[in-house]
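Think of it as A, B, C, D, E and F in the order they're written, each chain with its own count starting at 1.
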Amino acid sequence: MSSNAKKTITVVSAHSADFIWRCGGAIALYHDLGYQVRVLCLSYGERGESARLWKQGKTLDEIKTVRRSEAEEAAEILGAQVRFFDAGDYPFHPTKELQDAVVNEFREHQPELILTHSIEDPYNFDHQRTTQFALECRVLAQAEGYESEHGILGAPSVFLFEPHQPEQCNFKVDVLLDITSVFDRKRKAMECMNAQEHLWEYYSELAKRRGVQAGRNSGSAISLTGNKIKYAEAYQRVFPHVGGLFV
Amino acid sequence: MSSNAKKTITVVSAHSADFIWRCGGAIALYHDLGYQVRVLCLSYGERGESARLWKQGKTLDEIKTVRRSEAEEAAEILGAQVRFFDAGDYPFHPTKELQDAVVNEFREHQPELILTHSIEDPYNFDHQRTTQFALECRVLAQAEGYESEHGILGAPSVFLFEPHQPEQCNFKVDVLLDITSVFDRKRKAMECMNAQEHLWEYYSELAKRRGVQAGRNSGSAISLTGNKIKYAEAYQRVFPHVGGLFV
Amino acid sequence: MSSNAKKTITVVSAHSADFIWRCGGAIALYHDLGYQVRVLCLSYGERGESARLWKQGKTLDEIKTVRRSEAEEAAEILGAQVRFFDAGDYPFHPTKELQDAVVNEFREHQPELILTHSIEDPYNFDHQRTTQFALECRVLAQAEGYESEHGILGAPSVFLFEPHQPEQCNFKVDVLLDITSVFDRKRKAMECMNAQEHLWEYYSELAKRRGVQAGRNSGSAISLTGNKIKYAEAYQRVFPHVGGLFV
Amino acid sequence: MSSNAKKTITVVSAHSADFIWRCGGAIALYHDLGYQVRVLCLSYGERGESARLWKQGKTLDEIKTVRRSEAEEAAEILGAQVRFFDAGDYPFHPTKELQDAVVNEFREHQPELILTHSIEDPYNFDHQRTTQFALECRVLAQAEGYESEHGILGAPSVFLFEPHQPEQCNFKVDVLLDITSVFDRKRKAMECMNAQEHLWEYYSELAKRRGVQAGRNSGSAISLTGNKIKYAEAYQRVFPHVGGLFV
Amino acid sequence: MSSNAKKTITVVSAHSADFIWRCGGAIALYHDLGYQVRVLCLSYGERGESARLWKQGKTLDEIKTVRRSEAEEAAEILGAQVRFFDAGDYPFHPTKELQDAVVNEFREHQPELILTHSIEDPYNFDHQRTTQFALECRVLAQAEGYESEHGILGAPSVFLFEPHQPEQCNFKVDVLLDITSVFDRKRKAMECMNAQEHLWEYYSELAKRRGVQAGRNSGSAISLTGNKIKYAEAYQRVFPHVGGLFV
Amino acid sequence: MSSNAKKTITVVSAHSADFIWRCGGAIALYHDLGYQVRVLCLSYGERGESARLWKQGKTLDEIKTVRRSEAEEAAEILGAQVRFFDAGDYPFHPTKELQDAVVNEFREHQPELILTHSIEDPYNFDHQRTTQFALECRVLAQAEGYESEHGILGAPSVFLFEPHQPEQCNFKVDVLLDITSVFDRKRKAMECMNAQEHLWEYYSELAKRRGVQAGRNSGSAISLTGNKIKYAEAYQRVFPHVGGLFV
C-alpha cells in the first residue's frame, strides 16, 4: 500500500475523455466516499477522437495539449488524479515500457477496484485492446516474480463501463450504479468538452435511462416508497463478487 | 409487508432436499443476520430423489412422510421456516392453484431476495421448470391487477444456486458467498439426510473448492493478510445489482 | 391473398399498448408506404400493465374498456387496423382457439412481415410467450395440413422489437429503422396513453438514442453529407434476409 | 471519393483464391450492377494453400507467380480489379505499412460495402486475423487524425463470407444472396483453379444448398409461385442495417 | 434389459420421415454392428410434412396410411424396428399417456444411445418439442419412483441429428459419423419417399459435404494415406463422453 | 512419422507444472497404453507461478533450475518425456523461433492428440495465449509450404484441460476421462511440487468430483452394476470427433 492512507480506485481509459462519459459518476461518488481516484489515460485520443481539432487545422502537438487540458479540468471537477501515458492511439499498441509503468502504478496504489472498457468494441479497437491490457497488467502485478520496487497487488474487482453501442459489444449490465447525488458534477465535467455538446445531451439521457432501469430493478423498500434514483451508470462485472452478503 | 417486522429471504426449492445442499449456508447466514428465511418446497422429491426409499419398498405416502421429516429437521438446524406444497415431481408441472399460492406467499412475506435453481438443467427438468415458475410468480406478484389479499411485491433480487454439474447447465458464478461461519450447521443439516453420506462429502468438498476460489477472487486486504475464507457457495445473479457502491 | 389488394404487415402484441412504444414508427412508416398494417392485441394488458387504473378502483371490465379505447385511438393515428383477442394476461397462455384464430388471420392477410416481441424477457413472461406463439402460428400457417378456409402462408420475415431492458433480454440490434419522417405521429400515439407521461419521454429519448446510432452505422453517402436521421427504432431479425443485394 | 464515379465494394481476402470460392457470386452481381469491385489479396496463399505446387517442387517465387496469375484470370471473369499486397501467409501478421496501404485504399475508393472472412476460424488463423485487420483498418480510415492524402471513410457495411466449416467458426447466416444469375461465371472463375476440381464441386453444391435455403426463407410471392432461386451465398452481417425499410 | 439380448439404440423422431434424412446412416451402421435399432415415430407428420398428399386431396387417414407405409419400407431397408405413436403433429404436444409409453419403451429396451432432434428449430417447433420431450423421458426413466413394470434406465448418451438449417438452430457439430459403408442403403431408404426427389439429392449432397469435412478433421493415419471417408452424418453431443480414451 | 514407432500424444503446457495438475492422469493413462507422451513446457513458470521461491530470495536462474527439476521428476513418474523451451512467462509472447521449434516438434513426432489449456483464462493470460499458439502451430505444421525438414502433420484432435476456475473461462466439459487406474501416480507426481500441499488436496478433490460426475454420465451397464469410476479429468474438445461409432 502506498504511504497515502486513502483507499484507491483506478480507471484505465484508452483516450483522455473516455473516463468522463463512461464513469464520471463513479469517480465523483468514490471521491466523496474518501477514496483516492486514479485515472490512467493511455493516450490523449489525439487521432481517433479529435475530429473537430483536426478540422480546425491544429497540429498533433496542439491537439494533445488541448485534450490534456480538457481532461485535467474534468478530472478536477470529478475529484480524480489523472495520469497521462501518451502511448498513442488509432491504433493503440501497448509496449513493454507501458506495461511496466501500469504494473507499477497498480502496485504502488493498490486499487480496490479497477474500471475499464468493454471486452469487445467493433467500433473502436483501442477500447478492447485497453481492456485486455488492463486485465493483463492486473495479473502481472499479482506475481511475485514480476520485477518492481513495490509489493504485489491483491485481487481488485474489475468493472467494465458501458460502451457507446452496448448490444454490438456484447455488453452485459451487472451493476446499475446510482449516481444521482453526483450527476451535476458529471454534467459539469462533460461540459469541459467544449465542442461536443451533442454528447452532453446523449450521455445525460443515457444516465436517465439507466436511472429508470435502476428503479425497476431495485429492492422492495425503494419501489414501495417511491423511487428516488434519477441517474445511473451501467457496469459489467468481470470476476465474481466475494462476500458475506448477496449484493 | 407482513405483520412480522423481520426482513425476509425466500428459497424456492423443487424437491425437499435441494435447499440443504445448494443454499444451506446462505440460509444459516441470513438467519444469523436476523432475517426470516422462508423455504418453499414445491414437492417432496418423492419420485425423483428418493431411490433408496423406493428400493426399501416404501409406499408413496411413506416416502413423502420421511422426506418431509428430514427436511423439517434440516430447516430447523439452519434456522428456516419450511412450507410444503406437495405439487408433485418427476415431472413437476405447476398448476394455477400453485401459482396463486406462491404469488400470495411472495406478497405476504415481501422477500428482499429470492433463491432458486439454475436456468437450465438437462439432468433434472423439474429444476429448470421451478426456476421458470419462481421467476414468473415474482413478476405476477408485482402486478396490481393480479388478485390477492396482499399488496404487490417490489423487485427482489434473484440468485440461482449451483446445480450438480454447473458447466452442463451453463451456470455462471457471479457471487461466492462466504459461509465459513455457518458451515458446521450446513454440515449438520446435510447429515439429516441419512442415506446420502456420499453427498455430505461431495458438497463439503464443493464448499471448500468454492472457498479456495473465493480467496483467489477477493480484495487486496484479504489476500495480503492471509485468506480466512474456508467455505463458500456459488450463485448466479439474474437481475443487475442496483446501489451506490460497486459490490 | 385477401381481396384487399394492399400488401400487409402484421404486429403481434402481447398487451394492448406494446405496439405503440415498440413499433409505432414502423407502423406509421409502412402505412405511408401503402401497406395495410394489422395489429393483433392478444390481451388488453388489463392485469399486468394497468397499475394506475387498478389503483383508481376500476373493475376488470372497465379497465379493458379503457385500454381498448386508448389502443384504438393510437392505432388510428398510426394508420393501423387493430384486432383484439382478449386472451388474458399475467399470465398469457395461448389456447387452441387463439392459435386457430391467429393462423387464420395470417393466412387471410398474408403478411409480408411480422413484428413481435423479443425471444427472452425476464421482466415479462407474456412477452416471450407471445413471441414463441407468433413464431409457431407462422409455421403452422405454412402447413397444407393445418385446417383453414384460407390458403397457406409464404415465409414472411420476422422482426423483433426492442424490449424495455434490451441487454437483460439478450436482444441484438440487426436493423435501425429510420422513423424520422413519422416520429411526430408516434409521439402523438404515445400521448394517447394518458397516465404514462414518463414513458412518452422515455421512448422519445430512446428513439433519439437509436437515431444517433443509426447515423453512426450508416453508409458513406449519409455520413459525408451530414446525417439526417434523428429518430430510429431497433429490431432483431429472426430469419436470414434473402435477396439480390446486401441490405 | 475517387475520380472514378462508380460506386465501389471491396473484398479483403487473406489468400489469393479465397475471394473466388467465398464471394465470387457477390462480385459478379455487383459488377453487373455497375459497381467497381476491388479485391485486396493480402497474400498469395503461397505457403498455406498451395500444397499441390509445393509437391511439384516449385520454388516460393514460382508458386506466387502461378497463384497470382490464376487469381487475375478469375478476377477478370468475375469483373473485379485485384490488388496484391504480398504480405505473407501462414502465418499472416499485418505490418504498419500494410495497415497504411489498406487504410489508404479504403479512403481512396470509399467502398459502400466491405466483404471479408469470418470472426473465428480454428482451421485457418490467417482468416480470422484478416477479418480483425480489415475491421480495424475500416475504423482507422474513419479517423480524421490518421495521416493520409485521402478524405476519411464513411461507415460502410461489413459482411463476412462463409468459412469452410461454418459451425466450427460460429458463423451465423444473416443474408442469403441470390447468385443464380451469375452462377455460371462463378463456376468458370472456380475452374481457373486448375488443380482443385474437388473444390469446384464442393462449392457448387454449397451454392445449391444455400439456394434451397434461400427459397425456404424468402417471402410469400416467391414461395407461392414457385421458387426461382437456384444458387446463393451466405453472409454474416457485422453492423446493424440502417434504412427506411425492413430488409 | 429386455429379454432380447441385443444392445439397443433408439431414435426419437417427431414425424415419420425425419429418421431417414437425418440419421438413416447411423441406423444402418448400428444394425450392421448387431444392435437392435428402435425408431419411435411420435407422429406421421400428417399435417406438417405431407403437402403433396394434401394437394392430391387425400384425407387425414389416407395420409397417415401412406406415411406409415413409406416409413416402414424405409425402416426395413435400414434395419430398424419402427414404432408409431400417432400423437399428432403441427403442433405436437405430448400427453401424460405418451410420456408413460416412451418412458416404458426406454426402460424395456435400455438403449445405449438415444438419437433425436436439435435443441432449437425456429422452422419447426415440433422438432424442438420432441427433443425436450425425449430428454425428459430419459430422465424420468432413470427414476426409481416413476411407475413402470420395467427396471430403471441407466444414463444413455444422447446425440442430436442435423436440422435442415443448422446455423439457424445453433446446431454444433461434435461428431462426424462415417456412413460411407452404408450410404447406398440410406439412399435407397430416402427413395422410398416417392414425391420428394429434391430431398434425395439434397441429403445426398449434405452427406458428401459432411464426408469432406470428416476427412479434414480426422487423424493423421487417414490424412497421410488418403482420405477414404466419402459420406458422413453430423451430430451434436448432449452429455460429456465418459471413458478411458479420448475419442 | 519419427523413427520411433510408438504413437504419440503431445501436451503443450504454458508453465512447467501445468501438465501435472491438469492432465497428469491422461499422461499416465496413455503411457500405459504404449504411447510416447511428449510434454512441451514453454516456460518454467518462473515469474508467475513461483511465489514461494521468490519469497525465499532465490534468483531467476535458481528458480528455473528448481522448477525444471520438479517437472522432470513428475514427468518421470507419469511416464512422459518433457522438453523445455524456456520462452519466458508473465507475460508469455511467442517468437518466430519458438513457432518454428514447436511446428518441427509436431512434425517430427506426429501426435495423434494434442492437449493444451483453455480458450479463455482471465486469471492467466499466458494460458490462453499458449492455447492460441498451440492451435496455430498445429495448423502451420499441416502446411506443405511451411519450411521444415519433417513431413507435414495430419489432423490430430485437440483437447483442452480444465482451468482453475472453469466457469470463468467458459470451459465446457466434453469428455470425462476415467483416471482411476493411474490416480496414485498422478498424486505422487503432484507431491513432487513440495511447497504446494494445498494444491495436492485441491486437485485430488477435483478428480473425485469429476469422478462422481463421470459415474452419473456413463452408460447403463456401469450404473446398473455399480459405478467403479473414482477419479476423472475433464476436457473440452476443439474439433469434431470423426469415426464409425458414437463415442
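Just so we're on the same page, a contact is a pair of C-beta atoms (placed from the backbone, for glycine too) under 8 Å apart; a residue touches a chain by one contact, two chains touch by 3 or more.
All values reported here derive from a predicted model rather than from experimental measurement.
Matching CA atoms, the turn from chain C to chain E amounts to 120°, rounded to the nearest 5. Among the other chains, the CA centroid farthest from that of chain C is the one of F.
Listed options A-B, B-C or C-E contain a single repeat of the E-F interface, assigned here to A-B, on the basis that more than half of the contact pairs agree by residue number.
Averaging C-alpha coordinates per chain places the centre of chain C 36 Å away from that of chain D. For the pair chain B and chain D, the distance between C-alpha centroids works out to 53 Å.
Counting partner chains per residue, chain E shows two or more touched chains at residues 123, 168, 173, 213, 216, 234, 239-240. The touch graph of the protein chains shown belongs to none of the named shapes.
Remark: the chains found to touch one another pair up as A-B, A-C, A-D, A-F, B-C, B-E, B-F, C-D, C-E, D-E, D-F, E-F.
Residues 26, 29, 33, 110, 112-113, 153-157, 159, 173-178, 181, 213-214, 216-224, 229, 232, 234-235, 237, 239-247 of chain B are the ones that touch chain A when the two sit in their complex. Chain A meets chain D in the complex at residues 46-48, 50-51, 54-55, 60, 63, 90-91, 122-125, 168. Remark: chain E residues 99, 135-136, 139-140, 143-146, 238-240 touch chain B in the complex.
Against chain E, in their complex, chain D makes its touches with residues 123, 164-168, 171-173, 198, 202, 205-206, 208-209, 212-213, 216, 234.
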